[in-house]
Each structure stands twice: as structure tokens, then as C-alpha cells.
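In this document, chain identifiers A, B, C, D and E correspond to the written order of the chains, with residue numbering beginning at 1 in each.
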Amino acid sequence: MTGLTLKDIRKSYGAVDVIHGINLDIKQGEFVVFVGPSGCGKSTLLRMIAGLEEITGGDMFIDGERVNDVPPSKRGIAMVFQSYALYPHMTVYDNMAFGMRIAKETKEEIDRRVRAAADILQLTKYLDRLPKALSGGQRQRVAIGRAICRDPKVFLFDEPLSNLDAALRVATRIEIAKLNEQMADTTMIYVTHDQVEAMTLADRIVVLSAGHIEQVGPPLELYERPANLFVARFIGSPAMNVIPATITATGPQTTVKLSGGKSVTLDIATNASENGKTASFGVRPEDLQTASGEDFLFEGTVAIVEALGEVTLLYIEGLVEKEPIIAKIPGILPVHRGEKVRFTADKNKLHLFDAGGKSYRV
Amino acid sequence: MTGLTLKDIRKSYGAVDVIHGINLDIKQGEFVVFVGPSGCGKSTLLRMIAGLEEITGGDMFIDGERVNDVPPSKRGIAMVFQSYALYPHMTVYDNMAFGMRIAKETKEEIDRRVRAAADILQLTKYLDRLPKALSGGQRQRVAIGRAICRDPKVFLFDEPLSNLDAALRVATRIEIAKLNEQMADTTMIYVTHDQVEAMTLADRIVVLSAGHIEQVGPPLELYERPANLFVARFIGSPAMNVIPATITATGPQTTVKLSGGKSVTLDIATNASENGKTASFGVRPEDLQTASGEDFLFEGTVAIVEALGEVTLLYIEGLVEKEPIIAKIPGILPVHRGEKVRFTADKNKLHLFDAGGKSYRV
Amino acid sequence: MNPATRSPLTWAVHLSVLLLVALWTLPTAGLLISSLRDKDQLAVSGWWTALSTSTQNIVARAPGADTQVERDGKFVISGDVLEGTSAGEVSAFGFSSQKPTAFKPGETAELNDGEKLTVQADGSFEIVSDTKMEGSRGQRIFFTAAVPPRFTFDNYVEVLSAEGIGASFINSLTVAIPSTIIPILIAAFAAYALAWMPFPGRAILIAVVVGLLVVPLQMSLIPLLKLYNGVGAFFGVPAKTYVGIWLAHTGFGLPLAIYLLRNYMAGLPREIMESARVDGASDFDIFVKIILPLSFPALASFAIFQFLWTWNDLLVAIVFLGAGQDELVLTGRLVNLLGSRGGNWEILTASAFITIVVPLIVFFSLQRYLVRGLLAGSVKGG
Amino acid sequence: ADLKFKPGEDSKFNWASFEEFKKGHDLKGQTLTIFGPWRGEDEALFKSVYAYFVEATGVELKYSSSENYEQQIVIDTQAGSPSDISILPQPGLIGDLASKGYLTPLGDDTQKWLLDNYAAGQSWVDLSTYKGKDGNAALYAFPYKIDVKSLVWYSPENFEDAGYEVPKTMEELKALTEKIAADGQKPWCIGLGSGGATGWPATDWVEDMMLRTQPADVYDKWVKNEIPFNDPAVVGAIDEFGWFAKNDKFVDGGAAAVASSDFRDSPKGLFASPPKCYLHHQASFIPSFFPEGTVIGEDADFFYMPPYDSKKDLGNPVLGAGTLAMITKDTPAARAFIEFLKTPIAHEVWMAQTSFLTPYKSVNVDAYGNPPLKKQGEILLNATTFRFDGSDLMPGKIGAGAFWTGMVDFVGGKSASDVADSVQKAWDAIK
Amino acid sequence: MQQLVFAVGTMVAGVLGCAAYFWGTSFILDLIFPSKGRSGVEASRNLRITNAIRPWLFLAPALFALTIYLIYPVIMSVWFSLHDRAGQNFVGASNYVWMLNDGEFRQSIFNNFLWLLVVPALATFFGLVIAALTDRIWWGNIAKTLIFMPMAISFVGAAVIWKFIYDYRAEGTEQIGLLNAIVVAFGGDPQAWITLPFWNNFFLMAILVWIQTGFAMVILSAALRGIPEETVEAAVIDGANGWQIFFKIMVPQIWGTIAVVWTTITILVLKVFDIVLAMTNGQWQSQVLANLMFDWMFRGGGDFGRGAAIAVVIMVLVIPIMIWNIRNAAKEMKGH
């Protein structure tokens, strides 16, 4: 068994349990992204993999070897930190060479590997600079270069791009994607807050919440078939619109009555036992379309119009208490505040969750 | 003349000119957003309006009164800083009340205004907390509340949301939009890096570059009819694709030969004198559509596919040196790396810029 | 720039700083000026008058009778009262301590024994007598003269040429340099352990260190000396050695050093240490290759304080090193110059300035780190 | 080592004693450490003396001193790291060290030697005998180098100019004081300032007054606190001092200046133009603080602080002080050094320079370096009573503490009896 | 020359010896419990052992020195304070009883409280004001250097310097003390400043304030620079003037640093005796505890019992400050 295996991994700080038993198999070469709300334990989990936090319970295997007690430097991992964590008093070259020097590699080998990494990351001309003379993006590239030099089996990233500005973030994201291709055998684990990063980089996304896994799967699977309400609302931006509903008819298709009063039939099979139960009906803002005829899903008053050029966001009030329903319509829409608009959506892009938040779609 | 007027405003730090003569009229109650690349002088301009930086040259009028030498507190402005700049040793209440206390308002008046502002921003239950016991979004709301309490004629924001995470940013953005509605008479000037904020909040956007104005106009105007290449590439994300081209036919419609070899005809009028000149052809990623027939704009090999669920980003190589052409196609596209794809686009969504970067569209 | 900078009160800021600086430097300036003054004037006029021409009453003594010459049948002793002084012009003179300003220059004073004394404004004088004058001591001449400012390096020459001063200088350096470096080294390791190495009892140890900040030094002298004697006797080495004083200074300086350095190190970003750990560095590597270079500002500021203290110290040096010729430190040597009964102001003033020189050099060379050093600094992202 | 006077060259020195000592002692390879009170010029003078010891024995000699030698000796002995020989000017402190067992008795030989060779030998033996740790009295110290304290300094020419005469009795001195004051001038310069030791010059005044108003045995009892400090005899002596020091008309700067003027600066008033004062009471060392170039005997001179005409029976008492050498670590070299001090040459070398008086009868008085020294020797010789500085004999806490502070308080306005009471209280506290 | 060689030699040896310890022990530890190059269980076991031992290796020299040079003397002092003057016979609490009845001791306590009230407050205040003001002017660094200079002056030097300030000459003669010269210039009567009971305390304190302001300034100026500029700008917009900004916005934000400076100087005040010794030696009712202790310990033969008892009192006085400091340290630990 190659790659990384977590078996019932637990972590507590004193009496506080932070990670409640995580089971996860990561194949060699896979790119796995951890996402989840702030404080859910992403960093903690990553740091346990790195060996920077002690493992309170469970077993961790890298390449089949149990590594619970192996020090970080022996695990064959490399880590890139959100704050770069460059050695401020060393040049870029020395930053990258540090680990190899500690490991007493030969001068030539060090030079070779540093230059190779610098080449990949287009850092060659900055090798003699100190970190403070670099821009944020360059710094992060140095941090990545330092990790590459370690030639790790597992590459760990903890929100590596969140200190960068939008344009840089896009550019560096693409570089990481390329890197992933070049280092095909290297397992990569990536923690992020950013939807786009998660969706674009991941082979599989792990959605964490309060110390346990909500769902694991390829990005599009999570997007199209979220296992529960948490994942549904967490993946996608703006978040999926959720409307309280009551199930009125079951069978291969299910009919629900939305809180606004309208009934909708979905292409989802339910058991008869579910009839009459409360449920949550969900539809993504980008799946909504304006409807002109009578065949509409629901109707509402536009509270805010945000025209972004490429898309227009409509905030619809009067359907759900407090929270507006959001619709994301491509292009520029001639709609104004206060207008009533009707929406429709593709049937198979509708979601239904039971009272516990579990999706009815299998 | 009400509102804010800048007349040939200049700023230099020693020998370095940072702002090179800005002319701008802002009407009372307008919401103006300054955007531009980092270091272009957005903050400097804002701080000159606030009175925090001295004005090197030109005149500034607020409500018709020349304010060059009026101290910040007398200009009737309020400012919200990127770093919140809350007084860390004061409670939320005291933070908001500070300015009024300095101005020796009565206790009742202070209390009334603080509570009113807290009400608007849903801060009432945090009034007794110190800033460090608040989350980022709450802190920024306090900073806004503090500004509201000043009851300003001009409300200044310097990247107020950039320290917040994605979800909070959206929520706070909406609150600012609401605030803008509630304070209809208050002029608001907002500096941001963020496209979405600029597009959604602004009545007018001012695009700055290296200390001068590139274009001023409503968001959609900037999006649809950028005056020059700079604005074209700056507004919209991912940036507009630009392909070098040569003008081969002029008249009410213009034909250009793209660097790839294909000729395209645009609905843009040009003079005969332009014939043969080099130009830049531009098309936004989101305006590209896949084409099945022979009627396509260009064809390329897919280098990277980024499926975000709601949209798919395709990075196309082989058309322009170095930079890939990006296409943003709604939904999930069954395209893979290495495939050849053809693209087409709406004729009137194509852009053409002359060699100096000026748009041929009027 | 700070917006407050532009307030119309800027001039007030300049003025108040000027005032404060003046207040703070005035005493030292007084010392500097005093050290450049003639030692007899030091005790009779304020140092601030040294810069201005002053009117002084001076006593001069005419040459003895053996220098008299016979001129026109009269015996004349002549000379210049201003010789050897820097005084400019005589404005009055006299021959008795009772009336030192009785005569104007050019007037002739009748001395008690029939001799006649004339002093000119330029200081030249003549004592004319009809008879041959006797006595080995010359006549005292009191005069009032305007004395322009006069400065001399004599005091410095005297101090610097004193025997053994060079050796003492080296002794002081021998004491001060290791006494600065050793505690820094020891404290740095300890501070690192206390800041970044988890082990049981860490919090208690930190508390103890803070507590020890306040132990008065004087009361540890005797117990320690006894201990030193015991150890010295046991190993058959002298009790008072350089090693002994280094260790003593180390012991006394450690609490502050650990306190300052730990605070600083605890403020360093944890990620840097972690990435070094991932890179395979041991604690020792991390300390030497990461922490020490990064803590340089804090080390420098502590070095300044410790150096100032050890360099200026006399008590610890005399107790633990002794006051013999080849171990006496500079402060001790200078104090000894004052003589058994003390009080040669001119030596004190000059030597005070000489002792300042080295600390000031140290201060200037490390100053730019000082301000940063005491910040619980952050190296984020850098 | 450089020898100041080449052995054998100047016949006023007793070179024979040197040669003889040289023959009897060889300390090559050994080290002798000496701790003494002399620094600066005095240190150089002492060095010129011990150079002969080094020359004679080949010992390696390390001399050290300290500004706060009283504290230093306590620290060193207490901690067990004293030098071999310690020389101190404070018998009180020596007694304290002896009682704690830090001193080595010098033995009967030395006692006998003192009796035989020092003028008024018994008084020197008494001075040097202390109770040891075991409670038995023994000779612990060797007096070496004496200062005369009962001196009044003046400028003969200023006296001449003003027509004043050197007084022969205390009554005359007081009359002179009043006369000068009546002339509109200030008779005295008195300064008690001495940093941490501020106040001590006044104790000399009081002791001089004690010796001039009371029999010597009362003085001895006072010093041993056998009569209380606030005995009327003592209070009377303090008031006698007060007659001079607490009268604004009698002191330069007025009474307020007395306590704060530095004792080193105050004699300078004698030489000012016009003179700030005409008289200054101070021991024989004070010329070091006269302006540069002052010639003793011509520009400045001294007279014996006179006794009361009304108390002729008290004779001519002289107050003095001096330093005593002790063995604080018993080594052959230390013993040899004490032996060295018994040679005339050890006295003559210093005598031939400045500020050294000795009661050693066998030295050649012609060796005195200058007439004033010789004159001081005469005062010492004419003394009918010689007493050691009382404050130095008292326990350190009193003689170098409460007595000093008391005197400062006294000139500051407190009454003599109040001051005496408080000193006695302090004395009680340390018993 | 020979001495120079010796000096350099000893210095290098001393410093190298110290460095050698750390390097050597670390090396030996790794030699006994190797983890590099070993794999699996053994490596991780060895690593755990070395990780447990290494902090103590790092701490050992410091703990050793602290124990010998500070803890041991503290214990000895307590022991001495219960014994007679020669430290031989047990006398119980009688030294403390004596102390309570001693007028000078009470005087010292009173004076010490004066010092504790005045010196840290003034030094911190001046340091703060100077730090704030010098941050705004182009020659601020020069000004700071000049104000820091007194810290580089030894107490001997400081005593001379202030002698030229406080010196007193009789009325009518030329004053060589600056203070009296000024007083006379304004038509006042000269005063013997350091002999004025009660007030002389303040003249002595001035010296320590003069010296310590530099220290306070350096540290506080660092803290002031750490204040986010935006909060000041926000206050400017809120209409606060210079004073209000300083006292209501800046000072509260560096309160922690102010407290640290304050404590450090307070501790120093409790320990300081050089100034009093050099200027008055406690006369004219200017005695302070540290000097009183020195006096009893060493002057006139020394009384160890009483000296140590006073030392113990000094330490006890410091306990509240200590507790405060320890609390702070603990709080800081939690924040980590």
C-alpha cells in the first residue's frame, strides 16, 4: 500500500477534542484538498501528517510505514506554510539549500537540486536575494522551491496562496497545478479556504467540519452531488439556496411543497415513509434561470441587483425568512430593484435533503 | 456645486511624483470606486481627500468649499481603514463614541447615535466588547459604525474588506450596499482591489494607473466599452484575452488578421488611414463559446481544464506566445487536455485597440 | 508620515525636544567643559563661565631679590604678572591681601618698606627700591585681570599618562567582553529552551527567572566569595580569577538576559522553526542557524546593557578580581588616581569622560539594533 | 625594581639596616599581597618604600587598594580571601577584625620591639593590642606612618598684611577669631564634605577639643564608651567646636556651608584674593589640596592648635592618626614584611619624601624631606599627651558612622546634647 | 603586550569554552542516542529521549549560574538574618525586632517609598514623552542618543557630574553649582541642596531619573513605533488633537510596555545604592534601604545579621512586583 493512510486519527488539546477520528486513504500521486470552515481542524490534520503535532490517537502510515513517532524530517514530507516561513536571514539559495546542508549532501548535489527547483519556479535570477527583497508571490514560490528540493513523497500546503492578491493567486495556482503534473509521483495535500483553488487543483476534495469528514470525492462530484446540506452549502459560491419544504409525494420522483407555497417535483427517488416529512430544497444560484412563462419554480422581488458584467447577481426577497435567495444569471440583465422575477431551473440540478441534512440523491 | 471636486490634484513624495494631476467631479450621494493596480496611488488619493496627506498641487473642494488646508476632522469626512484601525483599548461603544466625545457632544446625543449605528450594523450586543473579542467581520462593522457616527458628508473606504475571508466579504459587501442606500445623501468613495466589489458597489468606477485616471464610468460601461487596453484587461476576471492583429480592411466594419492567421471582422468603424496598422484584438473569456461548425473565431489546444462546477475554465495554447487564451464556459464541459477546441463569440462583444492601446470603439 | 507631524505645533515639538535634550546633556556638558579646564579654576568658578572672559583676582609673586638689577642707582625687580596665565589685561592691582584692588594700572603703589610697585595694564611691573632688597621670596602682587577662556588637555594627559592605565584598559576589556558574551550565550540557550522547547516545569522556571530579577547584588558578595575560596582551595587555584568574575557577572546578568531574550524569541514566528524542523534540523541546528541570527537585535540590546554595566562596574570587579596591579579595572584605576583622600575634580572629570568613550562606541555601533531589539519583533513573511 | 635612593649613596639613610635585612631574608618565588589605604600619590610613595623590601627579598609583591577600603577589608576577610598584609588607618576596625579572629598576633618580640624603639612605646603598644576571638588581648598591629592632626593652617603673608599674630593659647585663638570677624572678614574655612564620609573633619575638631578641655583618661574612657557619649564632658567639647563652626560670622559661607563644603576645597579659601578666610584646622596631609605651587612654610604654614591657657594642667595634647599594619594571612613573606617595617630604612625612605612622620627613635631625623615635616616632628616631640584619633578608635558603626552623621546634624542646627544622645543611642544599639 | 596576549587568550578561551559546552553536549547526546541514519522504532525512541533531555542541557548552565549566584545567596541571606553580626550564633528574629525599632531604618523605608513613587514614574514619563516627541522630528535619533548617554556613564562619573549641579558656595561668593548659580541669578539665596532633609531625596532622585530616562525612552520608543499608524489617523479624523491622541490613543495601546519599564526601574530603585553612597551616604535623612544594608554589612567591621535582615526586607518589598510579573509571564504563556 503506497501513499498515505489515516486510521481513526484523533487529536485533542488537553480536554478539547479537535479531530474526532479521521479515516482516509490517499493514493500515491494524488492531489487531495482539505476544505472546511475556519477552525474545523484542517491545519491540525495537516500538521499531524507533517509530524509537527503529536497524534493523540489512531495510526498514520506513509508508504505503508507507521509514522506516528517518526520525526518530521524522516517522513519524506515537505510543507509550505501560509506565512511562507522563509528564513529571513538567508538568501533564496540558502533557504532552499538549508535542508540539504543539514542532511550533509554534497555541494554539487545541493547546487544541482537548488538550480533545478529554481528553474521550475523561475526563481533563478533571485537566488542571491534575501526574502525581504521579494514580492509575496515570489516568496511563496521560494517556499515551494524549498519544499521541492526536499524531493518529498508527500507535499503539504497550508493555505499557501491566501496571503497573495487576486492576480498573483491565480498565477501561482496555475503554477502549482503544473507542478503537480511534473511531480506525478508525489502525493500532495493542500489546505485552502478558497473554492476555486479547491475545485481546480484537487483530484479529490475532503470536506471537513468540526473535526470529522463530511464528504470525500472529486470536485465535480461534490459540486453536483453533495452528500449533505453542509457540503452543498459549502461548495459553490454564492452558496446554494436552501428553501424549507415538506415532502408531499414520494416515489421515483418526489414532490415537495416549498415554504412559499409552491410545489416542485424533483427527479429524485424517495421511499413512501418519507411522505409528510420536512426537508430542505436546494438549488444553486447559477442553476437558476429567469422564466418568462407560467412554468416557473418560484417568484420573488429583486432586492439588490449586482451587475458584474459577465454575470448578474439578483438577491430575491420574500421567499425565505431573513436570507435572500440568490440567482446568478450570465450576462447583463435589464432587471431593477423591486421588480418581480420568476425563476426556473433544470430538474436534475435540484437538490433535496432530509431533516438531518442528508441528501436524498444517492 | 455639492459633492467633491478634485482639480488637477498632484502629490509628490520628495522628488517622486505619485499622483499626476487628477480631475474628478463626484456628485453628492454618489458611490465612486477607485481601482487600479497596486501602487498606482489609490490610497494616496483617498488619504488626500481625507486630509491625511498634504496636497502637493491642485485644489480640492468639498461642498464647494476649498479644503486643501482644512484639517481632517473639519472636512466632514469619515474613513474606514483596511486594517480596521479600531482603538484596541476601547470597547465597541467607546470606539464609536470617541469622535463625538472629542467634539464634546452631550451624553444623550452620543448614546443615541452610537445605538442607531449599532442597530444598523447589528452590533448592539457587542457594544461592551473590546475589539480583540470580535471576529474580523464584526471588527470591520465597528469601523464602519464609527464612521457612521461621524455623520459624514463623504464616506471613505480603503479596501475595507480585503482582510476578511470570502464568505464574510460577500456578506459585508452587501451590508455596505445597503448602507449606501440608507445614506443616500452621503458621498462614498471606495478603494478596492476586488473586481466584484467594484462592479457591484460602484455608481462609477475610476480606474487609476500610475497616478492618473485611465477611465471613469459606470461599471458596465467600463466592462462593455473599455476606453483602452489597460482598462480592458484590468476589468473582468480572468482578464480579457488579447491577440496581436493587423488591420486589413477598414470602414463601418473592420477586418483584422489575428496573429494565428485567421481573419475576423468586427462591428467597429475605422478610418481608412488605419489600414495595415498593427492592433490588439480582444475578447473576454466569458464571451467565448465553443463552436461546432466551421464558423469559428479561432481554434486551439486545451492546455489546462479547470472545472469549477458552475463554469469551466479552458486554457488554450498555441495562439499567442507565452500567455494562454482563456475561455470561461458555463457549466461542466466534457473537454480534456490536448483536445482541439474551436471558439466563437458574439460579434459585438469583440474589442479592438490601436497600437497605443486606445479602443477603436467610441 | 505621521499626520500629527504637520500640526502647526511642530515648532513646539522641536522646541520641547531641544529643551529636554538640553536638560539631559547639560550635566554632561558641564563635565566635558570642566574636564578641559584648568584644575585650579575648576573649584572656584562655574563651568559655564569657562566659555566667557571672566574677571579674576589673581595673586602673582614677583621674582626673588636675587633677580634685582641696579638701574640709575635704584634697585629694580621687573617682570610680568600675566606670565604663565592667559589673562589679558590688568584692570587693578594691589600689594596687600587686604586691599587687592587698591590701584589702577600704571599707578605707583608705595609698599610698606619704601619700595614702589607699578603694574602696567599689559601686566609688566617694576618694583623699585632705593636700597638693595632682601629676602628669598618675592613680593606678592594682587591684581585683577580679565581672563579669556582657556582650555587645556592637561587633565586628560595626566589621566592617560598615569602608570598602568593601559593595562587597566585591557583588564577592563578582559572583564567586560566575556562578561557580556558568556551570559548572552548561556541565556540565549536557556531562553530558547524556555520559549520553544516543551518540557515539564517550564512555566515555573520562567517565573523563577523573573523573580530573580530583583535580588540585590550586594548581599551575594560574601556567600559567593566564600564559595570561591572553597573552590579555589579545593583545586589549588587562586580564588580571584578572571573566570570567577566572568561567572559572577554572568550570574548577575542572567535573569535580565533570559527575560529579554525569551520574550523576544517567543515572538518569532513558529512556522520558521517548524519548517526548519521539517528540513531536518535538530534543536541545536535550529538554535544556531535560525534563532541566533534572528535574535540578533535582542542580543545586541542586551549586549549594550550588559556591557555598560560590566564596564562601569567597580564593586564586583574589586570583590571578585581584586585590586592588584595586573587585575585592576579601569574604573578602579581611575578611582585610585584620586589619591587616598579623593577629590581631585580635574582627574575625576577627565577620567569620567575617558570611561564613557568605550561604552559610547559600543552604543553607537549597536544602536541601530537597540530599538528593534526590544520589540517583540515579528519577521512575518520575511 | 627602581629604587628611589640608591643604597649606599646618601649617608642620611641607614643603609646598614637595609643590607642586614637583605642578608637575613630570601623570599624568592614567593608572593606577598598587601592591601592598604594609599592610592594615587600616596601609593607611589609607599611603592618607593616597598621597592626596598622587594629588592632585599626578591619577593613578588602585589599591592592593592580600594576607594572603600573599609568595606573591602570586611568583604575580603569575611570571605576568607584577604591579602597577606593589610594596612588600615582605623584601630576600631582592626579591633573588630581581631575579635572575629581574622588577624594573626605579632608576638611578644614585636611588642618588646615597639616598647623599646618607638617613642612613648607603651602608648603604641596599647593602640595595637586588641582582644582576639578567644577573648585574650594580644598585639595584632604594627603602627607605621603617623599623621599629626592638631594643626591650624594659615597664610603668613595674609597674617602679615592684616597684622594678625599666631595665637599661643586657645583664648588667643578665639580672640583672633573674633578680631577677624570684627574686621569684616571670615576667620575660618571649615568643610566637612567628603562624599560617603562626610562629617569626619568635625570629629577631629571635637577630639582636639576633648583633649584640650578634659584629661587624657576621660578621652580614653570616651573612646571606649566607658563614659557615655552624651556625658557633659563630651557635650562641652562638641559645643566648643560649635563656637567656631556654628557662628555665621566665623565661617566662610556661614554655618550652612560647613556641612556641604568639601573638605578638599575648603582650604583653598586661604589663598583666594581677597582671602575668604584666614584659618583652617586640618591634619598634616592637607597641603596636597592646596593650589599648585604653594610652598609650605612660605605661602602657607601651620601652627599647633593651642591649648587653653586656663587649663595649663592638661599640657600640650596632640591628636594624631596613623596606619597600622596587620597580618591577615600568616605567611613567611608577611612575617618578613613586619620585620622589614622594623628597619630604619623602611621609615627613612618615606620620611625623605613627604607626609610621613614616625615615632621610631633610631631613624635619622635629618632624613625628613622638608622643614615643615620636621616642624611637625617637633610638635609630636613637644607633645605632653598624644592620643590617636578617637573616631578611628571607636567601633566603625560609631566612629565611621553615627559620629560623622551626628556632626553633620550638629552643624546643621541640632544641639550638642541631642547629637550626643543620638550617637550614644547608636552605640547602645551595637552593643 | 604579554598582558594583551593573556587577555585575548583568556577571553577566547572563556567564550569558546562556553560554546564548546553547548556544542559538545549536543554532540554527545546525539552520539549516545543517534536518530540520524537510524530508522523506525529505534530512531523515534532515541528522538524522544533526546527531546526530553535536550532542554535541560540547554538550561543547565543558566540554572547552575542562577542557583549559585542568586538562589544560594538569597538562602544565605535569610540564614544570616537570623544570626548575630559574625554569623555564628542564632539569634532568632532579634535582628528584625531591632530593625523595626531603628529610626534610620524607618527613615529608609519612608525614603524608599518616596523613591519608588517618584523615580519610576518620572523616568517612565520623561522616557515616554521624549520617545513620542523625538519620533516626529528629523533629528530625533541624535536627540535620543544624547538622552541615552547618561546610561553609559559610571556612577563615579555621575556623582562628579551632579556635584557640579548641586554644589553650594556661601552666599556672596561665586557659585560653581549650576543650580545655585541659577537661583542666585534669579535673586534667590543659594541652598546646600543635598543637605536639605526630605527635599534632598528629590535631588538624589533627579540623578537616577536622569540616568534611567534613556532606558525608558529606548524601550518605549520601540513600543510606540509598534502602534498601528491607522489608529492614530483614525483619531485625527475623529478630531482628536495632539494631546488627546497621545494620551487617549497611543499611551493606552502601549500600556503593557509602560508597565514593564516601570517595573524594571522600580526594581532598580530598590537595588540602587551607588548614588546615595556617593552623594550623601545616607546623611541628612536621605538614607535608603540598599545603602543602609551596605552600611550594616560592610562598614566598620560589618554586621551580617542586620545587613542580611535589611536585604531580606528589600526582597520582601519586591514580592508584589514579582507576583505581578509572574502573572504577566503566565498570561503570556497562555497566549502562546
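To be clear about the criterion, contacts are C-beta pairs under 8 Å (C-beta built on N, C-alpha and C of every residue); 3 or more make two chains touch, one makes a residue touch a chain.
Molecules present, by chain and UniProt name: A, B = Sn-glycerol-3-phosphate ABC transporter ATP-binding protein UgpC; C, E = ABC transporter permease subunit.
Fair warning: this is a prediction, and the values are worked out from it, not measured in the lab.
Shared contact partners of chain A and chain E are B, C.
Among the remaining chains, A is positioned farthest from chain C, on the basis of C-alpha centroids. Between the chain pairs D-E and A-C, more C-beta pairs are in contact across D-E. Core chain by CA centroid proximity to the global CA centroid: E. The distance from the centre of chain C to the centre of chain E, with each centre set as the mean of the Cα atoms, comes to 20 Å. Rounded to whole angstrom units, the spacing between the C-alpha centres of chain B and chain E is 55. Averaged Cα coordinates give chain C a centre that lies 31 Å from the centre of chain D.
One inter-chain figure worth recording: chain B and chain D are separated by 92 Å, centre to centre, where each centre is the mean of the chain's CA atoms. Shared interface positions of chain D, i.e. residues touching 2 or more other chains, are given as 75, 78, 195.
In chain A, the positions touching at least two other chains are 71, 74. Residues of chain E found to touch two or more other chains are 233, 236, 294, 297, 304.
Listing the residues of chain A that touch chain C in their complex gives 47, 50-52, 71-74, 77-79, 81-89, 98-99, 102-103, 131-132, 136, 139, 143, 146, 150, 163.
The touching residues of chain A, counted against chain E in their complex, run 65, 69-71, 74. If you check the complex, the residues on chain C that touch chain A are 269, 271-272, 274-281, 285, 289-290, 293-294, 379-382. Chain E contributes residues 35, 39-41, 43-45, 47-48 to its touches with chain A in the complex. Residues 3-4, 6-7, 10-11, 14-15, 18-19, 22-23, 26, 30, 51-52, 54-56, 58-59, 61-63, 65-66, 68-74, 76-77, 126, 129-130, 133-137, 140, 143, 145-157, 160-165, 174-178, 181, 210, 213, 218-219, 221-223, 225-226, 229, 232-233, 236, 241-242, 245, 264, 267, 270-271, 273, 290, 293-294, 297, 304, 307-308, 311, 314-315, 318, 321-322, 325-326, 329-330, 332-333, 336 of chain E are the ones that touch chain C when the two sit in their complex.
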